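Down below is the structure, laid out as C-alpha cells.
Naming follows writing order (A, B, C, D, E and F), and every chain is counted from residue 1.
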Amino acid sequence: MSFFGMGRAQPTSAEKIAAVENELKVVAEMHSRMVKICTLKCIDKTYREGELSKGESVCLDRCAAKFFEAHTSISEQLQKETANRGGGGFMG
Amino acid sequence: MSFFGMGRAQPTSAEKIAAVENELKVVAEMHSRMVKICTLKCIDKTYREGELSKGESVCLDRCAAKFFEAHTSISEQLQKETANRGGGGFMG
Amino acid sequence: MSFFGMGRAQPTSAEKIAAVENELKVVAEMHSRMVKICTLKCIDKTYREGELSKGESVCLDRCAAKFFEAHTSISEQLQKETANRGGGGFMG
Amino acid sequence: MDTGLTQAENRQLEARLQKRQVKEFMNVFANLVDNCFTACVDDFTSKAMSSRENGCISRCVLKSMSTQTRLGERFGELNAAMAQDMQNRQN
Amino acid sequence: MDTGLTQAENRQLEARLQKRQVKEFMNVFANLVDNCFTACVDDFTSKAMSSRENGCISRCVLKSMSTQTRLGERFGELNAAMAQDMQNRQN
Amino acid sequence: MDTGLTQAENRQLEARLQKRQVKEFMNVFANLVDNCFTACVDDFTSKAMSSRENGCISRCVLKSMSTQTRLGERFGELNAAMAQDMQNRQN
C-alpha cells in the first residue's frame, strides 16, 4: 500500500525516514481498524469461552478478506469519482 | 473560532506558524466530528439509494446549524460555570 | 503507573523530558477512557436532571474502582500469557 | 484570514498545511471505509463480497461523498458567520 | 513525583505540560459537546434548537462537569494508591 | 521492503519504529481493557470485581489475544498479496 510517493528530486534523510514511517503508520492504523471492526462483527460478546470457536475463527478470516476487498474497491471508486467530478473532489 | 490567542510579545516564527496551524486543526477536528454525528443522526444506514434523499439533505443542513448552536451555547455555559466555581474549573 | 523505564545510561535532557511527558500522557489517556466508559455505564442519558443522582454518584465511584482493578488484572494476565507464549507475544 | 505572518512564514505554513490535508484525507477515507463496511457487510458465509454487499458499499460511498460535500459547504458558511459574529461583538 | 530532572529541565517540562493541558481541555470539551448533542438533539424539523433541547443540553453540561470532577477525584486517589502499592512490592 | 535508505538512515528509522511499536502496544492494551471492561462489567452494587466478572475478563483477554494473533496473520498475508498485486499491475 503506497499512498506516499517519494517522487520529488533528492529528498533529505529526514524526509525519507518520515515517508517510510508514515507508510508503516498507515498500514498499522488499517490493521487496528480491522481488528476493531472484525471483533465487533465476529466475536460473541458474552465471553463464555476463552478460546475462539470454529465459527468465530472462520468469521475473522473472512472478515479480514472482505475488509481488504472493500478497502481496495472503495479506493478505486473514490479515484474514479474524484476524476469525474473534476479533480477538486469531495474534500471541498 | 479563536481559542488560541497570540497575545504575548514577539512570538517567534515557529510559534506563529504553530498557532495558525493549531487553529486550523481545531476547526478541522470540529468539522470531522460534525460529519460523524450528523451522518449518524440523518443518514439511512441501509444505503438503498446512492443519492441523498430530500429528507436527508434537509436533516444534514439542520444538524449542522444545531451543532454550531450547541457548540456556542456549551462554550458559553462552560465559561460561566467555570467562573462561578472560582477559576479552578472542573478539570481538577 | 510506570510503563516507561529510564534505565539506560545518561539520557539526554530531551529524552528525560519526553519520558516524563509520555508517562503523564499515558495516565491522562487512561483517565479520559475511564470518564468515557463510566459515563456510559452510569449516567442516565435522558438528562432530566442537571445534578448527579445518589445512584449515579455511587455508580461512578464503583466504576472507577473496578476500572483500575480490571486494568491491573489484565496487565498482569497479559504479562503472564506473553511469558508463556515465549516472549513473542500476541503482537505478531 | 489575516494571520499576521510574513511571506516566508506563509510558505512554511503552506507546507505544513499540505501535510495536514493529506492526513485529513486519509482520515476521511478511513472513516468512510469503516462506516460503509460496518453498514453493508454482514454475511460471513463467504470470503468474497457478494454483489448485494458491493452494491451497498458503492451507494454508501456515493452518499458519503455527497454528505461530505454538503456538510463541508454548511460548515464553511456557519464558521464564517460565527467568525463575523465574534468580530462584531468585539467592536 | 520525583522526576530526577534539573531545574532547567523542569521549566521545559512545565511549558510542554501547559500545551498538553490546553489540548486535554479541548478534548474534554469536544467529548462533552458530542455526548450532549448526541443525547439531547434529535429533532430535525427545525434548524434552531428547541427550548427542550437547550434545557437538556444545559443539564447535560452540568452533569458532565460533576462527572468529570467526581471521576477526577477518584482517579487521583486510585492512581496514588496504585503507585504506593507498586512501590511497596518493589521493596 | 526496499526502502532505498542508507544504513545510517535505517538505524534512525529503526529507533523511530521501536517507539512506534511501544505506542501501538499501548493502544492494543487500551482497546483490550476498554472492550473487555465494557463487555464484562455491569454490576455496580459493589466496588470490587465479582468472580463472575473476573472470569469473564480473563476469558475476554485470552480470546482477544487469539483474535489479535489470527487477524495479524491474515493481515500480513493479505497485505503481501495486495503489494504483489500492485507491483504486477505496474509491470
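We adopt the following convention: contacts are C-beta pairs under 8 Å (C-beta built on N, C-alpha and C of every residue); 3 or more make two chains touch, one makes a residue touch a chain.
Labels paired with UniProt names: A, B, C, D, E, F = Mitochondrial import inner membrane translocase subunit.
Keep in mind that what you see is a predicted model, and the values were worked out from it rather than measured.
A.B. asks: For subunit B and subunit F, what is the smallest step count along a path of chains that touch one another?
C.D. replies: Minimum number of steps from subunit B to subunit F: 3.
A.B. asks: Centre-to-centre on C-alpha atoms, which chain is most distant from subunit D?
C.D. replies: C
A.B. asks: Distance from the CA centroid of subunit B to that of subunit E, rounded to the nearest Å?
C.D. replies: 17
A.B. asks: State, to the nearest whole Å, the distance from the C-alpha centre of subunit A to the C-alpha centre of subunit E.
C.D. replies: The mean C-alpha positions of subunit A and subunit E differ by 31 Å.
A.B. asks: Taking the mean of the CA coordinates per chain, how far is subunit E from subunit F in Å?
C.D. replies: That pair's centroid distance is 26 Å.
A.B. asks: Could you list which residues of subunit B touch at least two other chains?
C.D. replies: 61, 65 - these are the residues of subunit B that touch more than one other chain.
A.B. asks: List, in ascending order, every residue of subunit D touching at least 2 other chains.
C.D. replies: Residue numbers touching two or more other chains: 24, 28, 36, 40, 57-58, 62, 66, 68, 72.
A.B. asks: Name the chains in ring order, counting from subunit C in the direction that reaches subunit E next.
C.D. replies: If we begin at subunit C and move toward subunit E, the chains come in the order C, E, B, D, A, F.
A.B. asks: If you look only at subunit A, which of its residues touch subunit F in the complex?
C.D. replies: Touch list, subunit A to subunit F: 1-2, 6, 13, 16-17, 20-21, 24-25, 27-28, 31-32, 34-36, 38-39, 43, 45-52, 57, 60-61, 64-65, 68, 72.
A.B. asks: Considering only the defined contacts, which subunit A positions touch subunit D in the complex?
C.D. replies: Interface residues on subunit A, with respect to subunit D: 3-4, 26, 29-30, 33, 37, 40-42, 58-59, 61-63, 65-67, 69-71, 73-75, 77-78, 81, 90-92.
A.B. asks: Going by the contact rule at the top, pick out the subunit F residues touching subunit A in the complex.
C.D. replies: My answer: residues 1, 3-6, 8-9, 12-13, 16-17, 20, 24, 27-28, 31, 35-36, 39-40, 56-60, 62-64, 66-68, 70-72, 74-75, 78-79, 82-83, 86.
A.B. asks: Could you pull out which subunit F residues touch subunit C in their complex?
C.D. replies: For this pair, the touching residues of subunit F are 21-22, 24-26, 28-30, 32-34, 36-38, 40-42, 44-49, 53-54, 57-58, 61-62, 65-66, 68-69, 72-73, 76.
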